[in-house]
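Pasting the structures in now, so scroll down.
There are two complexes below, and they share chain A, which is joined by chain B in the first and by chain C in the second.
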Partner chain A sequence: MFLDASGSSPMTNRALEAFQAGLADGWADPTRLHSESRRARQLLDGSREAIADALDARPEQVHLTASPHLGLERVIAGVFAARRGRGRIVASAVERDATLHAADYVSGGRLATVPVDRDGHVDIEALGAELADPDVALAAVQHGNHEIGTLQRLDRVHAATSAAAVPLIVDATASIGHVPAPERWDALVANPADWGGPQGIGVVALRPSTRWLPVWPEGDDWAPGGVSVPAALAAAVALQERLEQLDAVGARLGALIDHVRARATDWPGVDVVGDPAERLPHVVTFSCLYVDGEALLTRLDREGIAVGSGSACTTSTLEPSRVLASIGALSHGNVRLGLHPGVGEADIERFLALMPRILGDLRDEAGAPDLG
Partner chain B sequence: MFLDASGSSPMTNRALEAFQAGLADGWADPTRLHSESRRARQLLDGSREAIADALDARPEQVHLTASPHLGLERVIAGVFAARRGRGRIVASAVERDATLHAADYVSGGRLATVPVDRDGHVDIEALGAELADPDVALAAVQHGNHEIGTLQRLDRVHAATSAAAVPLIVDATASIGHVPAPERWDALVANPADWGGPQGIGVVALRPSTRWLPVWPEGDDWAPGGVSVPAALAAAVALQERLEQLDAVGARLGALIDHVRARATDWPGVDVVGDPAERLPHVVTFSCLYVDGEALLTRLDREGIAVGSGSACTTSTLEPSRVLASIGALSHGNVRLGLHPGVGEADIERFLALMPRILGDLRDEAGAPDLG
Partner chain C sequence: MAEDRASGGDDASPSGAADVTIDATGLLCPLPIIELGRAARGRAPGTTITVVCTDVAARLDVPAWARMTGHEFVGETKTDGGAVALTVRLL
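Then we have the complex of A and B:
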């Protein structure tokens, strides 16, 4: 029972078939001159066009990278480089580590993070105040948050950045394939593995007006050495499949998550976080008082249930979640559910039936006070 | 008839099966805590160990990257960063563009290239003279040349760099899987797509004594955002398969290339380049006087024969080859054959039978003088 579909999930049969077709027909280096290469190049170009179409972007302004993380790095570094003479970066406090690290690095530490409210929405007034500084090179605000599911109000965010003539980089790595693609951005980053596609590929889209400069002296500025053609093909097919089912799957998973939110709110010492309405349909996180997050995940794993830690993507150690701290929530003992389209009602009922008992056991073992 | 197996070739059935097993069992993010992730992590670790074993390196010092190109960039930048206070880089004149560009970039243009002889061997005396400068941070000398096939004498090269206490980075992206892995290096880069594995993955190995510092503030310094687990698994399986057959395939393809070299030498106005003995078994390049390289490739492609341009890897335009210019050879009108293990004698005979006629036709069309 896999309930950790946030950033990775099993590939669908159509995506697997596309990958295999890509391995058979797209193995050649697409930059060479003969027929085998031409075939690989056609598959790559076709994949890029299909992805561009889904993002309402121009194919020639969609770039494939080796990972979404590298995409975030390269777009931040390159847009910053193109805004010569400006030295500061503004980002929301709930961006991914990849975004904040890259922003901090390329600006030499001149990164301002804008606070969010209890549901995780960026403070538009505070954002506007930061953007008033003419030294701001770019702003980074995500679409959907990967931990708490909250969708940013990008129309207002983009109105603020546009008014200041500052390019807005939107991290849509957690949202595309789950809700309609955002319309308001100057640069966009997406993650195929999050929509049922393969690992090892990322997507960056730029608007025609967005200037970008390479920071390394490479032939292919976005994916030095090229990207995997089969991965590109499978990414495009998986996205198309998701978009065909977007409304139906979103409504079904959204209802399951509503159900989980309602039930979990009744559990003692449990705090359900994120905007209850303006959110990714398939994600919910809650924090559990007096419970060790790793012990909880291990106990669920023993029951055959895989959930996320709700903490940052890189959970080699279970650090307290920066996102949860930003919204003023309990940042330990948290669990994130991410539902892929194959998850059914019975799976959720089983999880809901188990949780209160596991929470009780763990609190007993830890000698925690009785929460009723 | 695919005779351009240099950097990419069709994957073998065993590698394809491994890839598919990886898609089925290794789709989860290997950094998380549940069983699905643990399984992906085991596949990744097992793949790394198998590759390390083949390179006679320690698994913890083998790093997977998103491409060999990125591997070259990161190892050059990181070893340079670790050699604080030293500012120059020394490289052979026949290194890949990726190597020379990264070296030029990180050293701020303080890159010295060491000449090679007519067969492409680096001039050991000139290398020694460059290494005498205490400001040299690192040296980069490849194992096998991707264009002309010449194998460098790494025992002598490494003796010179060791005497100067300068770390030697060896680009083995064209050699591993074709000849025994080199033994003399401080850092090594390899390319799975060149040994029958997939695109979208590169390998870097460091010796325990080689110091390296990350140049980006990332969680995973070598592959930000992670690598594709199925690609890692297929890379390891393909390498194992190649190494089992190394001597037999090397002898068979080596004899086919000897035959091509002997025949091509007799064609008027054709210059066969590279060391005839100390070479990659499966590669040969020759230059053809009064012939346009692109026209030659196109004509062969129309006959169903795919060959390489012999020029740099990035042949979006057919620029004159820097490698061929370095050895004093004609740097236009060149053809590179790269034989994968599936190529047979009949394929080669067909190519050999066609070539003189095509060369004659192209020279006639161009109004070139009669070469007899």
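Then we have the complex of A and C:
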């Protein structure tokens, strides 16, 4: 039972069939001139157009990349390069590591992170104060958070960045395919694997007014060495399938997560985090006091249940999740659920029935004090 | 284990409540917080408990513990040995 569909989700039959069709018909190098190549090129262009349509972007300004991580890096580097003479980057404190690392690197350490509130919403006043500095080259604020599910208020964020004439890069890698695409952005990054497409492909969209410069001396910044045609085709088909069911699946998974949030809140020593309403429908994180996150994941795995975690104890560095730290959440005993459309009520009920006993067992084993 | 690590339980503060220090150096999450929870059990309101930690996660977890259990996080100081001393007041 897979409840860790945040960043990667099982591929549906339609997406798998599209991938196979891409292998059968799109195996040729799409940049050459013969008919096999033209066929691959058609599949690639059609895929890009379908993805562009879903993002309400122009196909010629949608770039397919080797991964969403690479997309974040290249869009940050290229927008920064186009803003000559400006040296600082502003980002929310809950951005992905890929965003913050790229921003820190290209700005030579001149990255300012803007704090978030207890639910993970970026502090608009603090953002505005940072944007008042004319040296700011770009701002990066995500759409939905991959760990806690909170959706940023991008209308306000983009109003602030537009007022300062600073381009806004929106990381929508956790939200596209789950909620309607955001409208307010200057550059946007999406992750096909997160909506049930394949690994090995990312999407970057630019607005016509957004200036971007290549930073590599030759070749293609977005997809050095080319894009996988089967991956592009399967990504487009998977997105189409998700969008056809967006409202129905969103409502159903949203209700399941509401149910998890309500039940987990009643368990002793459990803190459910993230905005309860303005959130991705399929994601929730909660923290369990006095519980080792790795032991919890192992126990659930033994029961055949896969969940995610942001616990420090489950990372090799023992560094707590920056997202959880930013909202003041407990850094241990974290469980993150990411539901894919194949998850049903019976799956969630089984998980909910097991959790109190597992928490009790692990606390007893650790000699934790009573929470009663 | 809490009894071994907690010390100073008899020092009366001006309020009449005891001040307790826990040595949780070398312990990794969630053990420092478990020690804190054990040390807090049965103590009078007003007691301050200081946890001395080397685990970076404790700097987040001690304030979060206070919030979740209805106590007050007082603050943190660095110790000479490179550890962090995190103090809570029981309410």
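One rule holds for everything that comes next: the second predicted complex is superposed on the first by the 362 of 372 C-alpha atoms of A that agree within 3 Å, B and C clash if a C-alpha of one lies under 4 Å from a C-alpha of the other, contacts with A are read in each partner's own complex, and residues count from 1 in each chain.
Here is the rule we go by: a contact is a pair of C-beta atoms (placed from the backbone, for glycine too) under 8 Å apart; a residue touches a chain by one contact, two chains touch by 3 or more.
Everything numeric in this text was worked out from a predicted model, so none of it was measured.
J.: Just checking: does A:352 make contact with chain B only, chain C only, both, or neither of them? Give me first, second, both or neither.
T.: neither
J.: With the two structures laid over each other on chain A, which partner does A:124 touch: chain B (first), chain C (second), both, or neither?
T.: Touch partners of A:124: none, neither chain B nor chain C.
J.: Does the superposition put A:332 against chain B (first), chain C (second), both, or neither?
T.: After superposition on chain A, A:332 lies in contact with chain C alone.
J.: Specify the partner with more touching residues on chain A, choosing between chain B and chain C.
T.: B
J.: Please work out whether A:367 is in contact with chain B alone, chain C alone, both, or neither, and reply first, second, both or neither.
T.: A:367 sits against chain C, while chain B stays out of touch.
J.: First (chain B), second (chain C), both or neither: which does A:287 touch?
T.: second
J.: Both chain B and chain C touch chain A; at which residues?
T.: Shared contact residues on chain A: 313, 318.
J.: For chain A, which residues are in contact with chain C within the complex?
T.: Residue list for chain A touching chain C: 269, 271, 287, 289-292, 311-313, 318-320, 324-325, 328-333, 366-370.
J.: Using the touch definition up top, name the residues of chain B that touch chain A in the complex.
T.: 2, 4, 7-11, 16, 19-20, 23, 27-29, 31-37, 66-70, 73, 97-98, 101-102, 104-105, 193, 198-202, 216-220, 223-231, 294, 297-298, 300-301, 304, 306-309, 313-316, 318
J.: Across the complex, what residues on chain C touch chain A?
T.: 1, 28-31, 33-34, 37-38, 40-41, 55-57, 60-61, 63-65, 67-69
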